[in-house]
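Scroll down for the structure; my scribbles are underneath it.
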Amino acid sequence: MFHLEVRDVVKRYARFTALSGVSFAAERGEFVVMVGPSGCGKSTLLRSIAGLEQISSGSVSIAGHDITAAEPSDRGVAMVFQNYALYPHMTVAQNMGFALKVARRPKSEINAAVMRAAEILRITDHLAKYPKALSGGQKQRVAIGRAITRAPEVFLFDEPLSNLDAALRSQMRIELSRLHRQLGATMLYVTHDQTEAMTMADRIIVMNGGTIEQIGSPLDLYNKPATRFVAGFIGSPRMNFVAAHVLRLAGRSVGFSLGAGLAPLDLEFAPGETLPFLGDAVVLGIRPEALGDSGEIHLADADVAVVEALGRETLVYSDAHALRTTDSESLDGYFAQLVPSQSDKRPGQRVSLRADRSAFVVFAADGATLHDASPALAHHK
Amino acid sequence: MNRPALPAGSLSASAMMAPALILVGVFILIPAVVAVVGSFFDFSMTSATWTFVGGANYRRAATDPLFWLAISNNIFIVVGSVITQVGGGAILAAILDRGIRRGSVVYRTIIFMPVVISSIAVAFVWMLILDPNVGPLNAVVKALGLSPPRLGWLGDPAISLWMLLLIAAWQNVGFQMMLILAGLQAIPKENYEAASLDGARGLKAFWYITLPGIRNVLVLATLITVIGGFKVFDLVFVTTGGGPANATQVLGTYTYTQAFSFGNMGYANAMAVVLLVTAALLGWLQVRLSRRA
Amino acid sequence: MTPRSRTVAIGLHAIVSLWTLFVLLPVFVMVISAFKSQAELFTRPLSLPKQFSFAAFERAWGIGISGFLVNSLLVTALSVLIILLASSLAAYVLARSERPVMRWVYVAIVAGFAVPLQSVMVPLYQLVSSAGLLNSRLAIALPYAAYGIPFTTMLFYTFFLEFPRELEEAARLDGCGRIEVFFRIVLPLSGPAIASGAIFQAVFNWNEFILALLMLTRAEVRTLPVGIYGLTGQYSADWPALMAGLAIATVPLIIIFLLAQRHFVRSLAGLGK
Amino acid sequence: MQFRLNGEMRLIAATVLGAAVLVSPAHAEDIVLKMWTLDNNGYKEFIAEAAEAFKATHPNVTIEHQIFPGDPYKTALKVALVGSDGPDVFFNWSGDKAKQLVKDKLALDITDLGTAPGGFATVLPEGWLDAFRYDGRLYGAAIDAVSKYVFYDKAYFAEHNVVIPKTLGELGNLCKAIRKTDPDTIPMPLGNKTRWTAIHWMTMLNERAMGVAGTAADYDLTRPADQLYTDPGYAKAFQALVDLQDAGCFEDAPNATEYAIADSMFATRASPMEYCGTWCTSGLDAAGFTDYGFFRLPVMDGGKGSADANFLVPEGYQVSAKTAHPKEAVEWLSFLVSDQQGLKFAEKVQFLPSNTKLIDQAEGVSQSFKDIARDVGTLKQGVNVLDALLEATVADAYMNATVEVLNRTLTPEQAVTKIRDAAVAVQAKQ
């Protein structure tokens, strides 16, 4: 039996549908992260599970109990809000103990629970302070502490780190992971930051337009994206996309035309993979780290436009002219390369974009993945 | 994003609405309906029977020169109040917001003070000040070598309405100033800094940053003043009683006179309905404008 | 500072100072007149009192101002309390509800703002009278409350629209029912709206005249404005005592305003949004 | 949730009910008579002591006295009589206001109770009973009357060799003489801001021009419409006022001057004269000014009025038609106009009581008060004041016309036309 189970949840508003039939389940103790662009429905789903939204149809159950119609406080969930939502008129201790106070628990029990949570989060020194006297990171801890005090079945996090600066954010990521292990609690975590998803999640749910695109472990999603959306969303810098169409079909070998004046590209489809039809418009994807000076295939010549030297690695953006990227989201049609070292590339320099055949992913026009990159990619490079 | 925190039609929602709805309903809306019904009858406050007269009370209003005088006086006060109170309030607020650094809290506090003084008190004090025999104003005017109005500040039909405007301004400018000041202070300083980098300073900054920034506040201030101008009663009632010889009669006092002095309740109700509809229209306008904002 | 901007600054100071002076003078006249004798008041209008006599204050006090003060305090406190409670509850529901009908409810409540008191005075009187509530402080407090609700509801409404909903959601997750969310979280954090609502309504109810005159006929329950008005007799008026009474009646409100003005300015900013 | 809510609803209901119980008046077995009067000096003490004395014969009757300022009283009384918490016995002016209450059946017909042995009708003279008599029935008992005289500063008159004027023309000349001595001295300030001082003048000027008989049919609107207010005497009366104004009698802006200020000018001896009511004596005494005399408003040259007629406004008490205790109410009324209480009234309130049998024994009142009381006793004709006598809208038109005549925005003839229009309109409605 799953600890948290969401079945066919639909949430309709007067003018649009926020969730159109979402189902997933989480094991006890699992850390599940929901990612997706803003407006994809991930927050609505989280709030529906919390009971802050009434769902139009479907069901939610926690620890075997159907809680679809239950009051938020009766669901056994605790939530950590993006902007902390600490009660400004209560001290830290009062904030953390409020739920127990509402439940009319004895004072000693409340104090003990607050103390325990405060120790876990190392905020015992601040218990008497009011939220406005705390730093952002401290507020975040108190918000988490408030959730811990309640000892919920499921922790819900709604983009809890997005108001912190970068250094604090990475620190809190680690702390959250530690906390997850320490508490062994089921956690559902919403974020639009794929780094958080990749680093913390046992499993990631990628949402788009009110539906789930894919559920899986971080590396599964990275290596075997089910859709072009997932491929584009997971990984930073994002995957490069090239518009192409099917030029020839020979058994499981498919030849793609990339554009006038460019050499066609032949890829071998594995058994079980769906073959496209002749003439189909498709999209080829290739991760920035797979694009380099060397490789089996010469895609195109390009002019370096921007170089971002990050020290340990270098990001090179170049304009391949003839090669068309498919969407406007990519940086001015530039191709991104991730070079795992310091590089002497300079803007204006002409480079050759090359890659191994095994690095390419093929997406159908509707976004579904037809052909995966080789799972061995990580070792290959 | 839509985030209803309260599900529709829940019992607690109606229970929470109940006190306000009951009080407003019982003490405002029902009497208002009774007033509307009463406007189609002829009766005095003390009479036992009501006689149905149809629209006669409204026809009477249409041909009653005093009714039209009262309306035009109301409009005079409304327009004059908007100019003096909103205008004056805006000028003072602008100065206190950016023109003056020292003492602005003291100024602000003093200028607002009359708002908390009762209209009755304001009226009595000003009656004393404006008295033609012993009033300080006459003394000052005479000391300046000028001659005060022969019929008195409140006794001359041509002047008395202006005096009411002055007293109303004295009492209310502080409120409008405070409102506009709050609006001004809500404009982020960065906007001015950005504008000044773009070369907009002084009047230009006022025109492109300040005015749009307080547009909503100005709308609100104007509407409060306009509605207040139509509802004005206490001040006129105590200071001039509508005189001299009806010169300062406004809808509020004329309605009161017809109802309580002459016993023409039906007619008074008809005029009250006119006042009510005017005020309601303005209220509706306010809701619309503030919703949109 | 350049000479030009110095001139401008002096000019601006002059404008504000002039208006401040203009505001202060009548208040000054009120206070000074209270210390004069009637004859002195009418024969030497511009001068300071020859001697500061508290006789007028004693006479004003003698008509029972202390009792009127207590009545005004009671009526004002009760009505303001009802107004704040009823308005905040209603405004909260209105600000949080998505039902289209609530828009009409809002309009219906706010429409009350536009109903002038004198146009409904007689039906209102008959209502209160038939309920047997004449000459009770409650009788006056309830209509006062009703007339204060529309404006205060608007005030709270705009405030609640800005209120962080996460706090309410957090409280609901913490086990609060809707009414508990309101009383334990929302209301304790509505200081600015409460302060300005309280000031506005205290000012109005403290100073209200006509209804009090009609509904409180027994001297023991009369409020300040009516009580003070009593200093003007049928054929005579005790002006110094009148001014003394007005001064006494004015002071408490000015004090309240001074105490609450910081909150007040802040919530006014919310009104304009 | 629902449970919690019910609890709250119950709490609210209990609060409302509890508050209602707390403030609802206590019902004693004893009879409580509610009595409303104006707030004139000494009134409170007079009623309090009378109520105490009344206990001797009516131990179960408690009088609950409530006082009101002048102008709002008119409104409050009407509203209260219609409502549920009105007075049992109340003060009223004789004239149109009392008549209206009779017409609307809010004032009780107390003829039978009043004519019973010991009733007020057996005590008061017929002339006083007329004040509240309508269609031969009695609807009230007069308690007092106010009259008006020209008060003058005896010392000033002696110093400047001034003699008391016999005619309005002489009064005008006197004003001119005073102005000649000192242009800044206002001979007799008017203080007409609240409009009733000038209407008092017009009341008497009309009498001086046409006599009481000449105006009665206009005042009660019984004259045919085409003859209403057509007597040239009305314009003549206005002209007399204008003449006095031209003679410099009044201050510059009479319509903007408070009557209290006019009173003060005379009391502080800044002005040598004031046309003032009998109520003025106590105020003058209080201000420490006693060296004054008084005379009736002089007659008009060529007028039809009588020197034996003077301003006299009866005031009295009526009983509410809604009272639960009419018998006790009338007994209380009768008690108030008894010989002994008439004396007390004169002493406490210093108004002219309707029962003057013991007035000479009055203690603590000034000599001038007694003198005035004596003079009033010699009157052959009382002249009721226009704003009480006339129908409300006609009275209002009269007051406004007078204001405009003083402001010189209407000529006397135009003023009369305005009044006539108002009278004709009211008559047509009746």
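Points worth noting:
For reference, chains read A, B, C and D in written order, and residue numbers begin at 1 within each chain.
Everything below uses one rule, namely that a residue touches a chain if its C-beta (ideal position, glycine included) is under 8 Å from a C-beta of that chain, and two chains touch if they have at least 3 such contacts.
All figures in this text were calculated on a predicted structure; none of them were measured in a lab.
When the partners of subunit A are compared with those of subunit B, the chains appearing in both lists are C. Of all chain pairs, the one linked by the most C-beta contacts is B-C.
The geometric centre of subunit A is 55 Å away from that of subunit C, both derived from CA atoms.
Centre-to-centre separation of subunit A and subunit D, using mean CA positions: 90 Å. Here the CA centre of subunit B is 15 Å from the CA centre of subunit C. Subunit D has its Cα centroid 36 Å from the Cα centroid of subunit B.
Counting partner chains per residue, subunit A has residues 52, 71 touching two or more of them.
Residue positions 2-3, 5, 12, 15, 19, 45, 131, 133-134 of subunit B are each in touch with at least two other chains. Within subunit D, contacts with two or more other chains are made by residues 1, 5, 8, 75, 79, 82, 258, 261, 265. Put simply, subunit B touches subunit C in their complex at residues 2-6, 8-10, 12-13, 15-17, 19-21, 23-24, 26-32, 34-35, 38, 45, 88, 91-92, 95-96, 99-100, 107, 109-122, 124-126, 128-129, 131, 133-136, 139-140, 170, 173-174, 178-179, 181-183, 185-186, 214, 216-217, 220, 227, 230-231, 233-234, 252, 255-256, 259, 265, 269, 272-273, 275-276, 279-284, 286-287, 290, 293. The residues of subunit D lying in touch with subunit B in their complex are 1-2, 5, 8-9, 12, 74-75, 78-79, 81-82, 100-101, 104-106, 186, 189, 193-195, 251-258, 261, 265, 392-393, 396, 400-401, 403-404, 407, 409.
Considering their complex, residues 38-39, 41-43, 122, 125-126, 128-130, 132-139, 177-179, 213-214, 217-219, 226, 229-237, 239 of subunit C touch subunit D.
Chain contact summary for the complex, subunit C toward subunit A: residues 164, 166-167, 169-177, 180, 184-185, 188-189. Against subunit D, in their complex, subunit B makes its touches with residues 11-12, 15, 19, 44-48, 127, 130-134, 149-157, 241, 243-246, 257, 260-263.
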